[in-house]
Amino acid sequence: MAKTELTLADFAPLAAKLLADFQGANDEITALDQALGDGDLGVTCRLGLQAIVDLPDPPAEGLGDALLKAGMAFNQAGASTYGALVATGAMRAAKYAKDNGLVTWDLPAIAAAAEAAAEGIMQRGKAQPGDKTLLDALLPATEALKSAAAQGQTLAEGLRAAAEAAAAGAAATAPWQSKFGRAAWLQERTIGTPDGGATVVAIALRSVAEYVEQNT
Amino acid sequence: MKKLINDPEAFVEETLEGILAAHPGHLKRVPGTPRGLMRADGPVPGKVAIATGGGSGHIPVFLGYVGPGLCDGVSIGNVFSSPSVEAMVEVTKAIHGGAGVLYLYGNYSGDIMNFDMAAEICEMEGTRVATVRARDDVISAPVADKLRRRAVAGLFFAYKIAGARAEEMASLEEVVATAEKAVENTRSMGVALSPCTIPAVGKPTFTLGEDEMELGMGIHGEQGLERSKLMTADEVATIMTERVLADLPFGSGDEVSVLINGLGATPPEELYILYRRVHQILQERNIAVVKAFVGEYATSMEMAGASVSLLKLDDELKRCLLAPARSPFLLQG
Amino acid sequence: MKKLINDPEAFVEETLEGILAAHPGHLKRVPGTPRGLMRADGPVPGKVAIATGGGSGHIPVFLGYVGPGLCDGVSIGNVFSSPSVEAMVEVTKAIHGGAGVLYLYGNYSGDIMNFDMAAEICEMEGTRVATVRARDDVISAPVADKLRRRAVAGLFFAYKIAGARAEEMASLEEVVATAEKAVENTRSMGVALSPCTIPAVGKPTFTLGEDEMELGMGIHGEQGLERSKLMTADEVATIMTERVLADLPFGSGDEVSVLINGLGATPPEELYILYRRVHQILQERNIAVVKAFVGEYATSMEMAGASVSLLKLDDELKRCLLAPARSPFLLQG
Amino acid sequence: MAKTELTLADFAPLAAKLLADFQGANDEITALDQALGDGDLGVTCRLGLQAIVDLPDPPAEGLGDALLKAGMAFNQAGASTYGALVATGAMRAAKYAKDNGLVTWDLPAIAAAAEAAAEGIMQRGKAQPGDKTLLDALLPATEALKSAAAQGQTLAEGLRAAAEAAAAGAAATAPWQSKFGRAAWLQERTIGTPDGGATVVAIALRSVAEYVEQNT
């Protein structure tokens, strides 16, 4: 039967899949952050996801609360620019879930929570689309989720569309000049390499989409 | 690159254990976090407390500048990554002497976002927190955009000056003003001859040809101005010093402090050969050196290279520069 | 290996110029030789003067240990070569305060032959000269032949102890006795992970495979005990510490000072990871650490590696160890 | 006409030839001292000989006095174990010349002066034949000089024999274990490589022999 929503029961297996996928993607992410930054982004993702997998008790108050705790754990173990933005996004998504009394998340809920997360990240980081940051993957992905939800697509279809939009968004950053974070100091020398953080968003969404597909 | 380490993932914890074992009279752990250290005699009642922090891999930055006349506490991140908000909050609580806390650190987005979150939490809990960020690297942005520049070794001057001002029992506003002035008056530029390797990554952050160097390199292996053929020490010193001098600008009659910082693998002899040329240039320009620091003040593990930092002094900055300070890495006065 | 230098043949002269320019309050030139430095406030009347010297390329050895509570003067050789007799004689004359001069240096045949010639000349001119040579490297000869051992970083302890004893205005015989005791109670062992290059030679003194290290390496790139696969920091620390402990031997109830010395390119983080393990071993053996030194105290330019030195203390050595000292490279008390 | 003696006039051109020859032999000498020592022996020889070439005035009191000043200059510019031993040897040869009122040096005089030098070096350094030091080239060379003088050979023949004896002596040190200087610390690991200092003696004597041959 086609999976239509994510629940608290998905939290642990999804976290485990993300960790496994990021272990596989480590070298790619490291290479991108070495080119435009300091090379720690792969380590950050691995440590952050490991901390989520290691969270002591399965969080009790629903997926939103689990997401909040996951965001905090990610940025405690993998504190960094990326960690802070992940934590901020998770916090906002959790707030959306709480404010809307969400227990399980269907595609429209996921789209709305992603939008809330992106807004939070923009407030914290002050970056705009086109500044060559993770937003250039996250914002197109959010749009894809919203339009898939509006068109009544399945959860799997919506997440697949989001993952593809994120991948396209990340790839599109290559010819741009970085305007935020460590990469900004490199000025013109950033032109030609895609942004590592945007690539991470694309990898994460691909992992989530695969999880839903595999569990359908 | 070969390293004398054990498990790469234990690099930070084992470094901290070694430092605490070696210097029990100087440093102690902050309760509630494995990633916080503070001066052994802290908190100091009535004194503005200075908290710093940042990624590992830069010793003596950051934890080497904790002690009387310097910072009160430090939160420690993974190699080249920010400390966690949790560590920052615990450090803030532990060092607070009732007169407010200054967050003094380098202008890096990971540190900024996390310190800002920590400040929000601490202020909610009733602790006054102010922030000053060092941003001395002239290569990282044009002067018009200087608030976006990154910090390199010149952060040392901010610690030395702000630490001394706080030790004078100045108010939080006064310490902030003096620290800001030190930051505003500091300029640096660096050069790298070889890369460094994050232990948990296991391969170098960048590569350089056998006859190449990177001008304007940051202290995390971020690229700089341009790659060029290896030059002589005099040529490198001249390029860096002239760029630094022009940026503030420093001019005839100024009094300065100079810091020649080694990034890790460059021997003291070479740092002094660089200083020799910097000193000549300053003499030619009628700029007086009040105090010179030559050595490893902010490293990037085993990276070869060096930077030149200049701090323009006024009476207050001079007094704070020359005031006593005491840590396992810096003893003065 | 890439170096930030100018003319390789000017390496020593330019280093000295840089140091004198950077630290005018600490050091001054000895008249009559380009290769002699002395403490800025010397000679000290009535105090036994301590002269040291040796090849360049080891900063802070040797010239970094000139100052109050340390040595009075230093003669400086080419990289890894002895100073000249002429420089030694001029230094002796300049620092002599009327109470005799101790030649305190490492047990290297070039230094020995030249210092001995200088001593003959100075004694003919009426100056009392005594000699003590450090010989701490356990690997360089079996214990039965310990008088032939070479000096490595443990020389630092001899400077610190003898310098403090002379500052107490002890007689030449007393300073010699205390210095000899410090030498006799010091043991060291080192490991190298990469070679170094003499600037005037331009190629490394030895080569090591990407996964190799050399146990028992000296500070001039002399080979040691054996080449082995790269080990973890804990394994290396354990081998070095156990070898050092067994040699004196050090035992339960002893009080010691520990020096973890970086050879040049090894970052402070790694030195502290080594210290962590050394400290554990000493605790297990009920050996108390009175004071730990961790950092670059005797380098081989850009060589990667480290050594462990232990000094067994008695009341006199402890008093001298903890006494004040002041140089551009060491400030204590 | 065959050259029968060395005089003060030979000092400057001979020093120049030695310097040139040692510049050529630098890499070989460096490699040997890198293997068994610290690698500075080639630099020491170049700096020491350059200082001799740069001596301000042609020394006035004969070849013995010139040799004394040369030895001092060598060890001032290239102070080291080797420098100290060269200076000691030169001092003893000069003393021999002075005590015997030598102005010019024929083969018997050279042989006797070399023997005096070797004795001085043994006193200063305490090494014996077979300890794998410069003595293992110098002592056979001295013997060769003495027997050539006794047999009435020419100066060129005597020096050539000495150079060959030194070269053979240096080569013979390879299988031995070093007992003195820095190399002694390497213990068994010195076996297999000839001694650098002995090789230097052989190169120097070859240079002197060639000088005499070329000026005959």
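Going by the order they are written in, the chains are A, B, C and D; count residues from 1 in each one.
Just so it is clear, contacts are C-beta pairs under 8 Å (C-beta built on N, C-alpha and C of every residue); 3 or more make two chains touch, one makes a residue touch a chain.
Everything quoted here is computed from the prediction, not taken from an experiment.
Asks: To get from chain A to chain D along touching chains, fewest steps?
Replies: 3
Asks: Looking at every pair of chains, which two share the most C-beta contact pairs?
Replies: Top-ranked chain pair by contacting C-beta pairs: B-C.
Asks: How many angstrom between the C-alpha centroids of chain D and chain C?
Replies: 32
Asks: Could you put a whole-Å number on the gap between the CA centroids of chain B and chain D?
Replies: 55
Asks: Approximately how many whole Å separate the CA-defined centres of chain B and chain C?
Replies: Taking the average C-alpha coordinate of chain B and of chain C, the gap between them is 29 Å.
Asks: Send over the residues of chain D in touch with two or more other chains.
Replies: Residues of chain D never touch two or more of the other chains.
Asks: Check each residue of chain B and list the ones that touch at least two other chains.
Replies: Within chain B, no residue touches at least two other chains.
Asks: Should the pattern of chain-chain touching be classed as line, ring, star, complete or other?
Replies: It is a line, because the chains touch in a row without closing up.
Asks: Could you list each pair of chains that touch, in label order?
Replies: So the chains that touch one another pair up as A-B, B-C, C-D.
Asks: Where on chain B is chain C touching in the complex?
Replies: Interface residues on chain B, with respect to chain C: 2-6, 11, 14-15, 17-19, 21-23, 56-57, 59-60, 64, 191, 193-194, 210-211, 213, 230, 232-234, 236, 260, 264-276, 279, 292, 294-296, 299, 301-302, 304-306, 328-329, 331-332.
Asks: Over in the complex, which chain B residues touch chain A? Could you list them?
Replies: Touching chain A from chain B are residues 55, 77-87, 108-110, 113-114, 117, 137, 139-141, 148-150, 198, 200-201, 203, 205-206, 218, 220-223.
Asks: Applying the document's contact rule, which stretches of chain D touch chain C when the two form their complex?
Replies: 30, 34, 37-40, 42-44, 47, 75-85, 87-88, 124-125, 180-182, 184-187, 189
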